[in-house]
Every structure is written in structure tokens, then in C-alpha cells.
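What follows is a group of structures, each given as C-alpha cells.
Look for chain A in each of the two complexes below; its partner is chain B in the first and chain C in the second.
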Partner chain A sequence: MTTPNISWTRIGLPRRSFLKGATALGGLAATGLMLPRPAHAAEGTLKTRTYADIRSMDPAFSQGVVDEEIQAAIYNKLIQYNPGRQWGWQLDAADMIEQVDDTHINFALKDTIGFTNGFGAMTAEDVKFSFERIIDDTLESTNKPDWGPLDHVEVTGERTGTIVLKNAFQPLWSITLPYIAGNIVSKAAFESVGGKIDTQPVATSGPYLHAGWEQKQKTTLRRNPDWQGEPAAFDEIQIYHIDDEKAAEIAFEAGEIDFTRVSLDSVERLKSSPIEGTTLDEYPSLYYVWVGMNLDNPKMANPKLRQAIQYAIDVPTIMAAAYFGAAEPSTGIIAPGLPGHRETSLTGAAANLEKAQALMAESGEGNVSLTISVLNKSANVTAAQIIQANLAAIGITLEISLHEGATFWELGSDANVEMVLNRYSMTPDPYYATSWFISEQAGIWNWERFKNEEFDALHLTAQSEADPVKRAEMYVRAQDLMEESGAYKFLTHEATPVIYRNSIVPALRPDGLPLYRYFGAA
Partner chain B sequence: MLSYVIKRIGLAAVITVLAVSALFLIVHMIPGDPVSTMLGPRATPEMRAALEARMGLDKPLIAQIGLFFANMLRGDLGMDVFSNRPVTDIVLNQVPYTLTLILVSISWSAVLGIALGCYSAVNRNSLGDRLTGILSVSVIAVPAFVVALYSLLIFAVKLQWFPAIGAGDAGDWGDQLHHLVLPSLAIGLSWVGYIARLVRASMLEVLGEGHIRTARAFGLPERRIVFGYALRLAILPTVTVIGVGMGFLLSAAVFTEIVFSRPGLGKLVIDSITTRNYPVVMGSVLFSTLIFVASTTLADIINAILDPRIRAGK
Partner chain C sequence: MTDLTVPKPRSELGEIVYHLVRDPLGLTGLVIVLLILASALFAPWIAPYDPIALNVPDRLQGPGAAHLLGTDQLGRDTFSRVIWGGRVALQVALPTIGGAILIGLLLGMIAGYGPKWIDNLIVLLFDTVRSFPTVMFALAVVALVGPSLNTVIVVIMVTSVPTYGRVVRTLTQSLKEAEFITAEKSLGASTPRIMTVHILPNVLGPLAVLAAMDIPTVVGLEAGLSFLGMGVKPPTPSWGSLLNDGYNLIRNTPWLIIAGGIPLILTTIGFTFLGEALRDVVDPKLRGKGGK
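This part shows the complex of A and B:
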């Protein structure tokens, strides 16, 4: 056995370096870094916030408003949403667009729109390419459903063409053409990169250029010098990715962003102690929140029991406690301002305890114990606790089962679900709302397993009904059927409060979402 | 020394493979269907099947693990199903932000903590020692998220000295450093107290040992005794703790990145777990594990350099 030769390595402790380093660090903190910085965004730059990072700048794969907020500023569509309090659209790349008959829409493009990076003027071929690639099965676009019954686009001239549908499709004007699937991309640019892109556009055409994207941090848009339409108001738009609404509010108060959505529980504080030089605006939201009851679950099979629950839930209390009085009770799945919105619900927003108790007695049920599944967000938990108290008043014991996002969104296929507090997003056409509650969706997105032939027929015919009055009546009837089934208690459409500096003029959709291309400087 | 380093690196590789395999299984066993989560309410059965195939979810779990490691060895961590970008690019883009945050936090807290610990030990039971003790325990007791929120409210909102969000402009080092101050303060502050207490305790122990008494008997200057002999030994547990502490800082970085809206690995992991974006989860987990294993290995190697008894296996 040998004894290891242990010798100490000479590493003199860097005391002087250590002291120098500590002093330098302290000095840096005390002087250089603590210089006051400008409280507000630099002139000509709009700093704003998005709640998630972008996923794709390819309209065939973009998902939701986060991508679209940027795409609407860098691409053009035939038509764009109007900013304001009423839903509507205005011409964008189209100089003219008209519905010739149920299945044909003629359009003519402006001759002033061109793509960046040398990809030339926008032509009808670009429109054909942009729309048809989304319905091409080989591309596997996640946005194919938006184009509904699109058959093809016929090019009739360099800048003229006809959109040909297989059958009439009214949502085309409200959720297809003015939203993600309506973005027009350059055929040549996409073909030059193999047919699809990720987060980096190859060529754009809107009033702003895509100047940069820093993953999980921000997207920068810059004024397009070649844009010949209404001039862009800002030299630059910086869209910061801030997940948390409270963090966004702090950033706003710190003067780092000029516009953000705020949380509902901050509305009262911001109203009572307004931040100088800012404006708080409240917009209704399109989301819909409801309590669902699984019709296929034997515990929920008694219609009188379900009706008793509908009458026992006190929506105004939920609005006050879970939504801080910043949201209104809803009457269905279709928000105010959209065709088919109901003025009142059948069971009313406020609880009717007498009726609920009478229905409970009629049901013949005793010792009822149910479980409500809830996504673990604070508003949902508070709402569930109020529902728990409401149902206790009619002798129902309600257990609250909390789920995180991924497990919650799997519950649709779980036949054992009894009650659920649910919330779906929405686009500005009633077709989008009813599509999740048809019989075909039972056990997928129709968690209540509500099956009604009349409802299915209404959903089908309403999407092609050209008469707006008749169409609205159909959607009203569809929501009546949902409520009559006893499977639904509608709670709210929530709200979208936004805050901005008075140095800017925001341009928002009626549901409070930003349309950056139309933002202006005050 | 070389054989010790080789052995330690080999062990680190084994730990990485085992940890990543375990995390792979855990990630795939947690409830939640990634396809439903990703596609949302618009998914048709065909779209679901196509995405499952693209993510390799149609294969048995063991085959998925094998495929993951085989691809990993080729430097291919797969594609992000949302953006269609390589996962390696996505993760490597975020690693520097988290690494910088952790290194800056641990560096300033170590510098300050060691200085305070030395001062306390050398001036044992003095007023300064007592004040340092109170201060150390106080900062240990304050949760990092409280420091984060209050520092935001005071230094970003009220005084507007430091930015509240982001990591600064790419390429502008001054701006990036400016953006690092509050986040690194939030996660480094409690470490100052922790390291100070640790160094003080170790120093007191070493200062009472025989070779220090001998050095004093030989009339060596006190500064040389403290900094040249005592601290060198007393620092060993601190180096180990800092190595392990990198793991804790990784988890602390998650909420710091959320509160300060900074890009980084922690935020990427949370976002991708929420959406069950398996390729990105695994890519992030792999790099987090590598950072943790590398830091503990490095701490072991530094300890071996400082203390020959360790490299001799004594």
C-alpha cells in the first residue's frame, strides 16, 4: 500500500482581487446603474404587451390573437376589422369585394400594395395561394376549419379574382376574411422557403415591417417605408411578452409600456386612484363562461334536479365576488353585439331559491352529493365556492375538484364528469359558439353531451342563412334549446379592461383586443 | 488529479442519463393529453392523428426514450410542434439568459456573503458580528418573491431606477446589465445571508484548529493567517453549497423570469409543461440537468483543487 502524495496546490487567496471586485460591484450599483431613466416610451415608439409569445407567423399555423395582433400589422387581408365598439369590417388590400351569390365572392386588389424583400406587387395569385394552401390536406393547417366550405379561388385577372365556396357560409365575413385565415402572403416568398415558415416572415406587405423577434421577450415592428396606404403612426412598435397581468400593470406603472390589458380585480383600484396621464377603458369580452351538467351521467339524469341547480345559482353574487363587479351576467353563449345574442336567459341571472327548492322537491332526490370540475384559476375557484354555497341552500353537497390546464382540457372525454365550470373563447360570429355543442361534438368539446336534433339543424342552416334577422332568431332558439335541456347555467362573457397613456390613441376591436396598425399618437 | 476529473465527469454523464430518463418518464406519465392541449377545441381526428405522429406519441414509451437519446447524440432534440423550429435552437436561445442570471446572482451574493462571513468570524461577538448575524438571518427569512415584488415597486415603479421587465436589448451589454440588477437582487439576496452564516461557522471552526494556532505562534501576520490559511479551508463547504445551490437558483429563476418577464429556461419549461409541449419540455429539462450536473461537478473539482485530501480520496 502506498501513501498518496498529498501536496497543497498554491492558490493564493485573491484577497486584493476580492476586495477590488466587491468595491467595483458596489460602486457600479451605487452610481452607474442607478441613473434615473426616462419614465415613458421614447417618442415615435409604441411599447405594448402581449400575454404569450408568438407561435407562428404563418397564417396556416398561427393560433389565436397573439399571432394575429402582429400579422394584422405586417400582412394585409382583403378586409380588416373596424376599430370601435361595433363589429364591422373595412376594405384593406381589396379595392372592391362583393358577394355575387351564396357561393361566389368577387374581389379586386388595390394596385398600391407590394411585398417586401423584392417579392413584387400583391396579385390575385397570392390571394389564391394564401387561401387554398390552408385547405390543402397535405399542409395539415390547423386553421383549415376557418375556411369552411372554400372550394377554390379563381384568378380572373392580375389583381381580380373570385372566391368560390361549396355552399353559403356567412362566417366568412366575420371570422374568415378579417382574421388569421384571411391574411394574404406572397406566393413567391413562401415557395422560396419550401412552402411554409415559422416565426420569421419572408415577405410582408402591411404598414409595419417585422423588424425582429426575441424569443420569450419581445417582437419589434418598424414602419414600412414603402407602404402607400394610411401612414403608420409609429416609427416602431415593441410588443413585450408579459405573461402575468399583474407584472404588466407594474410595467405600465413603471412607464415601460404604453398599453396593456389589466386584471379585473385591478379595475376598482385604477378607477379610484387613476394613474396620471392614463385612461382606463372597459370593453366587453366574447369569452363565455358557464356551468355545465353532464347529461350522460346517471347522477345528473333527473331533469328536475338540473333545473333546480339552474335556479339555485346566483350569478350576480358570482359577478361581484369572482369578477369584482367588472363583468356582467350573460344570457347564453353569444355575447352582446353579435347576431343571436339573447336579451334574457330563460332561468334568469339571479337565484330563485323558492323555485329551486320546489324543483328539488319535485325531483324526489335526497342527499345529493355532486362534484364540480374547475380549472385552477382564482376567478373559477371563487365562482365554484359561491355555487357550492348556492347549492347547499337547496340541500346539495358540492365538492370542488381543481385541475391544472392540461388535465382540465381532457375532461371532455371523461364520461364520469358530473358538473363543470367551463370557459370557451369565441370569435365574432355565432357559428363559432354553437359548433362545439352539436351532437357530433359530444364527448369531445360538448362536455355536457347535449344531443338535440333541432339544435344540430339550426347550427347547420344558420351558418348559410343570408337574412340577418332570421339567422339571429335561429341562434336565439339554439340557446333556448341548450338552456331548456337543463345542462347549462350561463354565467358571464367576462370583460376586457385596458389601460393606456394619453399620449396614444388605441384602436381596439369591440372586444378590447388591439389592432396595432390603426393605433395613433395623440 | 486528471483521473479524479475523468471519474467525476464520467459520473456526471451517468447522472445526466439517469436523471433525464426519469424526467422523461415523469413528463410522459403526468395526466394531460398534449395533442388536445396544443390543438385546442378545433382539432379534427385527422389533425390529432397527424400531430401524434409528428410528436412520436404513437410509439411505445420505451421507443420514445430510445429515440430521444439517439437523436440527442446527433444534436437533434426534435421540432417544436407549434412554431416548427428546432428545439435545440429554442432552448439554446434561452440558456444564456438563465445562466447569466444565476451566475450573476450567485457571484455577487458569494462575494458579499464571504466578506461578511469573514468579518463576523474575525470580529466574533462584536457589534458588527451581531448586526451581520441579524442581517443575514433576516435576508434568509425573506422569500425571494417578496424581494422581487418590493424591489419592483420601489426601484422600478417609484424611483424608476431600474427596468421592470425584459432582459435588455440584444447586443447592448450595459442595458442587459441594467435589466439584471433587480432579478439578481431578488434571487441572490437570501444567499448572501446563507453564505455569510456558513462562512462564519466554518471560519470559526478552522480558526480554532491547531495549524492556525501554530501559525500564530510563528508570528505570521493575522491577515495572512485569516485569508491565506483559514479561509482557504473554510471556503470548501461554501463551494459545495454554491454548486448545489445552482439547482435551487434554477428553480428560483422560474418565478423571477415570470415576475420580471425575462426570457429564460425556467419560463420556457413552465410554458411548455403547461401546454404539454413534450419536445420543448425535454430539451429544457436536458439543459437544466446539464447545468445542475455541471455546476456540482465543477464544485467538486474546485474542492479537489483546493483540498488535496479530496482528490486523494481521503
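This part shows the complex of A and C:
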């Protein structure tokens, strides 16, 4: 057995350099000068909040932002999202990364990054292991789609390698490398525990260590003393699981937490009566909310009926009552700021009652009685009641069927669903949005059972299209097709208002989600 | 000259009402209950607005001349929704309690009067139903079949049956051994006759007391399910859904939660006072002693 010729911190100190350094240090000490502190830009504890408990600390199985908020702080990726108002990325574990052609991305790792618990330096083998395990069919990773057409990772040196794709994949830079599937784990650590982990990381490498997890209570991150990169600002980050947004707001006002998302209905109050020493910031969200109509349900088969519904729904009223004026109507599934965002929708945001009534008359339908399935959340219930009133105006009786989370998320496979008020999360690439509405997804995530060959082809082509203008046009057309089918009425992308104490400097993605590793102290 | 005419004896109901109104607690309860019943019964005439009519531009208004209790997030008049919510509460409570009494009465009398093996079987059934926490059971059923007024009624009725059944069973068992029942039996009275003519009237009084005390529980349960979005379907007004809206908007406008909470408190107070007073009246040992 050979011992790898690497150490995770590069000393690289020749005898002559050592003597020079020692002399300089001695001189500084003699003159009483203090050396600048290499780390610990700020002390203390950051207390923050998450809306759900963690599910997995394994990047192959983590499910969305809740897990990723923690993983982004304890693991490294080749690149990380930039905090700020514009989507972009910065180098993280990578010292260099470049796309040499459509299917090859070369990278070189920094030599200052290592894993905890004695698992050594981060190497290209770790990168290869981390990425390839996600596409390995035997692992059955839930995040396999994020890696798209990854073929393999070629290791070209201890810290250098090449990501090889089967075909061009534009979302690689926006949702693969800087997000969940881009987290790099220690091959040795994972192999020591059988290849995968659950909620307890075996070895981490980021600026914070995973110091503890109390189920449904909190996760504690602690400053990694061996971290060689930009210093972590806090000794400790405590992330409390507070599901209810109102409870989180009360906790914030009581001084129990320093940062939280607030509910949309609180924005107006917090603006008119600001809490001293705090800042309220509003960020756009990427989520998309829409009313879907099941094309396979005979009751929804009449296209004129579906169009009448599209024109009857008054989105501005929904924005006012359900979102308290803190969100804007959407034009599709792709939010402003992302390629493929449409400036306007085909059916408009405001109701066009005359047109809806005319379409209803053309449809030849009478005594129409439909059911809309709704997840039992305040905004959804309010929105559904407005839709109910809107449809009543064109002679449609709409029954509201409320569901708990468990039953609601099973509705995708229920062919009897008629209408549904739905909301999906989103990552900053349009590919992620269209992927749920392809024909293959009918009855899985494509609840409307929308099947369109042109849409499917656009989804496939656009993911490889290097020309950003052409790519954006493709996604615009894809959304046109969705809307033309009559199966969709787009409502909103919502918004992400956050509040924080002025003693901290939050680092947020452009959609308002926290990047804890970059949080600072004021 | 002394008037020697014998006063006309009051009917049983008249006797109960006579004693109820003489008891301050009973009178208070009776008045509150009558007010709730009247407001539910005459809701279409009392409520100034359609409780489900949307008026979004007027949303979240405070109390005023136009809207006594303000408006909700959809601009609906809160006072009208409170009044109509009372109708929903009683629509759930009355058939639920009525159904539970009927089933409980039947099963309880059979268990109390019938052979031991039937008694054991029915008691096992009661214990099985009672072993489920009511709220959890209700949530599970509603989650499975979907929320609706009928589902709520059936779920609460089923979980309430053992309460009445056990009381009836115990009373029947004690009455079964009474001398007048033995005398009836020796005179050749049939079992159905004994149960309907002699036992039934003697268990109805305690059941009425129990029912009066149970109504607020059922109303509270319906409100709780509606608060969780598992009760009546929107846009039907319910005190529970008012509380839910109020909870979500408590920092913006506290009126909604106050409007949803007050009728629940009044219902609890009214029916509890009435039930307490009724218990004193029905129980001959307590009559005239104020329950002491």
C-alpha cells in the first residue's frame, strides 16, 4: 500500500525561507508589533432559522435548499454562487476551471483544502468520486438529473482533472456545479462508511464544521479551525427549525434569531413600523405558482373551456389578497433575470371577462362544476377562493378541495385531478423549470399531463444551446406552448422578504436564500 | 277568606324551565344559548352582508359603521361571517350530538340490559373507539377522505358515541335491578316495553345534561378542524376558519381572531352554565340546592 504524496495544507517552506520568516517574526515581536489575525473576522454566534428539518447531509440524497444551506457551509464545490442581486459564481475549491469545449471542463483544485477527521487533502479523486457516484445507477441518487449528461471525470493529476460530458449542458454552470450536486465529499470518508451517509457527515471541508443536529430543533455549525480560505465570520451558527413563519417573526422580534425570511403579509407592517436595529430586504423569488388543468381528464378536455378559465382568472386580485401586494404576477415558469423569461404572457394577468364569457359560450359547456385541489396554506386557500369567485362569473362552479402535504403531493399520479393550484421550487436555470413538463414526466411532476413534441424537443435542444439569445428564445417558445395548450394559468413567482439585525451582514443569493458561509458581522 | 284552590301542577318541562330561570347560572346560560340559536336560525336576516361575497378593495378594514367587526383579507364582512359561522357550528353540533345520543342510547341499553357477552362486546367496541385520540382520529379520517361538513359530523359522532353509551349502560344496569322493573317483569312485561317505557325515560335526563355539556366540545372540535383547514370547505364561514385567518394576520389586524374567538367562548360558557344548571334540576338530590 502506498501513502499518497499529499498533505492537505501546503507548507512548502524551504530552509532559507524558514530562516527569513523566523527572522522577520522575531523582529516584529521585538518591536512589539502585533501580527494581523489570520481568521476570525468576527466572534460570536449567528442564530438563524430554517423552515424544515434537514433530510440528508449526503449531496446525492439531499433534497433542496434546506439541506443545501448547511452543505454549502460545510462542504466545498468547484464553484459557489456569488452573494448579491445578480446570478453568478466564484471559485471555491477550484483554483482554476475552464470549459475547453462543449463537453470538457478542466479544473485544478486549490491545495489548501482538506477534510476533517484525518481524511486528508481534497484531491481530484474526491471530485471524481463525488460527481460520478451521483450518476451511478446503483446508488439511485435523487439528484442524478442535476448532473445531466455527465459521462465521467478524468483525473489528470493529484489536484487536476477534466469533467467529461456526453453532450453540451449549459445548466452545468448555473445549477450543477454551484448547487447540491456540485458538493465535493471525501472518497475515503464515504468508503469508510459503506458509500453513503444520512444526516451525520463523516468528513467536511468548508469554513464551518457540522457540530451537531438535534432533530426538529436545530443544526449547529462551528468554525473550522483548519480552514485556510476566507475566514469564517462566526464562532458558531445555530440554525433553528421553525416551520411557521409567524413564529419565526416573533422569535426575531424577541431577539432569539438574527435572520429570517418573513411572510409576505408582514412586509407592509414591517415597512410602516420598522423594528429598530434591523433591516428588511425584499428579494425576487424563483418559485412559480400556477393553476394547472389536467388535459387527460374528460371534464377538462374542451380547449375553449380551458381558455375561458385562463381569461377569467384575475391575477392582480390574487396578488393583492393572497400575496398582500408583495409579489408580482408572473408570465410563465421562468422568473425575471433568467434566460427565457417572457415579458408578457399570452392571456394577460388581469381577467378579461368578456373574452372569457365568449369562450365559454363557444365551448358549448353548461352547468360546469369543477374541483380545484389546493395545498392547505393560507395564501393558496385565499387564492383559490378568488379563483372560485372569478369562475363563478362565467358560470363555473368551483369546489375547493384542501389537502395536507402528504396527500397533496400524491396528486400528480391521480388521473382524476381536474384543476390544481400548484407551486414548484426553482434553480437559476430555465432547464430546471421545463424539465418537469416534458411528456416523460406526465403523471409524475407534469400533473397537467401536457404532452407536446415541440416542447420536448425544445427542452432537449435548449440545454445544449451555447448561444444565450437562441437559448432564451427557445424557452420563451416553450412557455408559449404551455400556455397555448390551455392547461396553465401562471400566477406569480412570489417574493422573498428577509429581515436581519444590523449587527450582521447577510450574504444572500439573488433569490434571497442564505449563503451562510459568506455571512459576516457588521 | 283563604283560597283553598290547589295550584295546577307544572309539566315536567315547565318544572325544568321554572328551576332553570330561578338559578342565575342557568338563566345566563339559557339566554346565551337562545341568542346563539336565534342568531344561527335567523342568520340570513341578521347578517348585513353576504358572508362569502368578495370585496378585495375593502380588505382588512377595522371595525366601523360599515363593517361592525371589520373585514377579512378578501374584504368579506367579518360580522356576517361570525353569524353564519354560528349556523355551521350548530349544523355540526346538533346532528352530531343527536346521532351520538341515539346510537349511544341504543347500544348502551342493549349492553346494560342484554346478556353478559353482548355487554362485553359493546364495551370492547366503546373502548376501542375511545382509545383513539379524537382529534388525531378526526385528522386522519379527514386527511384520507377530504374535508367536508359531513365528514366532520360523522367523525365527531362516531367518537362521541361511547361517552353516551357508557352512561346509558351504567344507568340501565342499575335500573335493571330496581324493584319496579322486577315487578314489571313479574307482571309479564316484555323486554322492549321495559326498555322503552321504564328505562328510557329514566336515562334521558342525565343524557340531556351530558349533551348540553358536550355541545361546546363538539363546536370546539369543528372549529379546531376548520382552523387546521380540515373542517368545512372554503368559502363556507366557520369560527375555526375565522380563527385561522385571524392567526395568520394577527400582527396586521387582531379583529379577525377576536371575532372568531368570542363566539366560541360564549358558546362554551352558555352551554356549560346551562348544562350545570340542568344537572341540578334533573337530579332530585341536587334540586333546590344549587348543586352544592
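Assume the second predicted complex is superposed on the first by the 479 of 522 C-alpha atoms of A that agree within 3 Å, B and C clash if a C-alpha of one lies under 4 Å from a C-alpha of the other, contacts with A are read in each partner's own complex, and residues count from 1 in each chain.
Basically, a residue touches a chain if its C-beta (ideal position, glycine included) is under 8 Å from a C-beta of that chain, and two chains touch if they have at least 3 such contacts.
These numbers come from a predicted model, not from an experiment.
Of the two partner chains, chain B is the only one that A:217 touches; chain C does not reach it. By the touch criterion defined above, A:53 reaches chain B but does not reach chain C.
Using the contact criterion defined above for the overlaid structures, shared-chain residue A:191 touches neither chain B nor chain C, since it reaches no partner.
Applying the stated contact rule after C-alpha superposition, one finds that A:136 touches neither chain B nor chain C. In the superposition on chain A, A:98 makes contact with neither chain B nor chain C.
In the superposed model, A:436 makes contact with chain B only, not with chain C. By the document's definition of touching, both partners, chain B and chain C, reach A:407. Touched residues of chain A, counted separately for chain B and chain C, are more numerous for B. Of the two partner chains placed by the overlay, only chain B lies in contact with A:242; chain C stays clear of it. Common to the chain B and chain C interfaces on chain A are residues 404, 406-407. By the touch criterion given at the top, residues 54, 56, 59, 73-75, 143-144, 146-147, 228-230, 233-235, 244-245, 247-252 of chain C touch chain A in their complex. On chain A, the positions that touch chain B within their shared complex are 4, 6-9, 11-13, 15, 18, 21-22, 25, 29, 33-37, 39, 52-56, 58, 61, 63, 140, 142, 144-145, 196, 198-199, 214-218, 240-244, 247-248, 250-251, 253-257, 404-407, 409-410, 412, 424, 436, 445.
Chain B makes touch with chain A in their complex at residues 30-34, 36-37, 39-42, 44, 47, 50, 82-85, 90, 93-94, 108, 111-112, 114-115, 152-153, 156-157, 159-167, 170, 177-178, 181, 223, 227-228, 231-232, 258-264, 267-268, 271, 274-276, 305-306, 308-309, 312-314. Chain A makes touch with chain C in their complex at residues 246, 249, 263, 265-266, 268-269, 317, 320-322, 324, 376, 378, 381-382, 384-386, 388-389, 399-404, 406-407.
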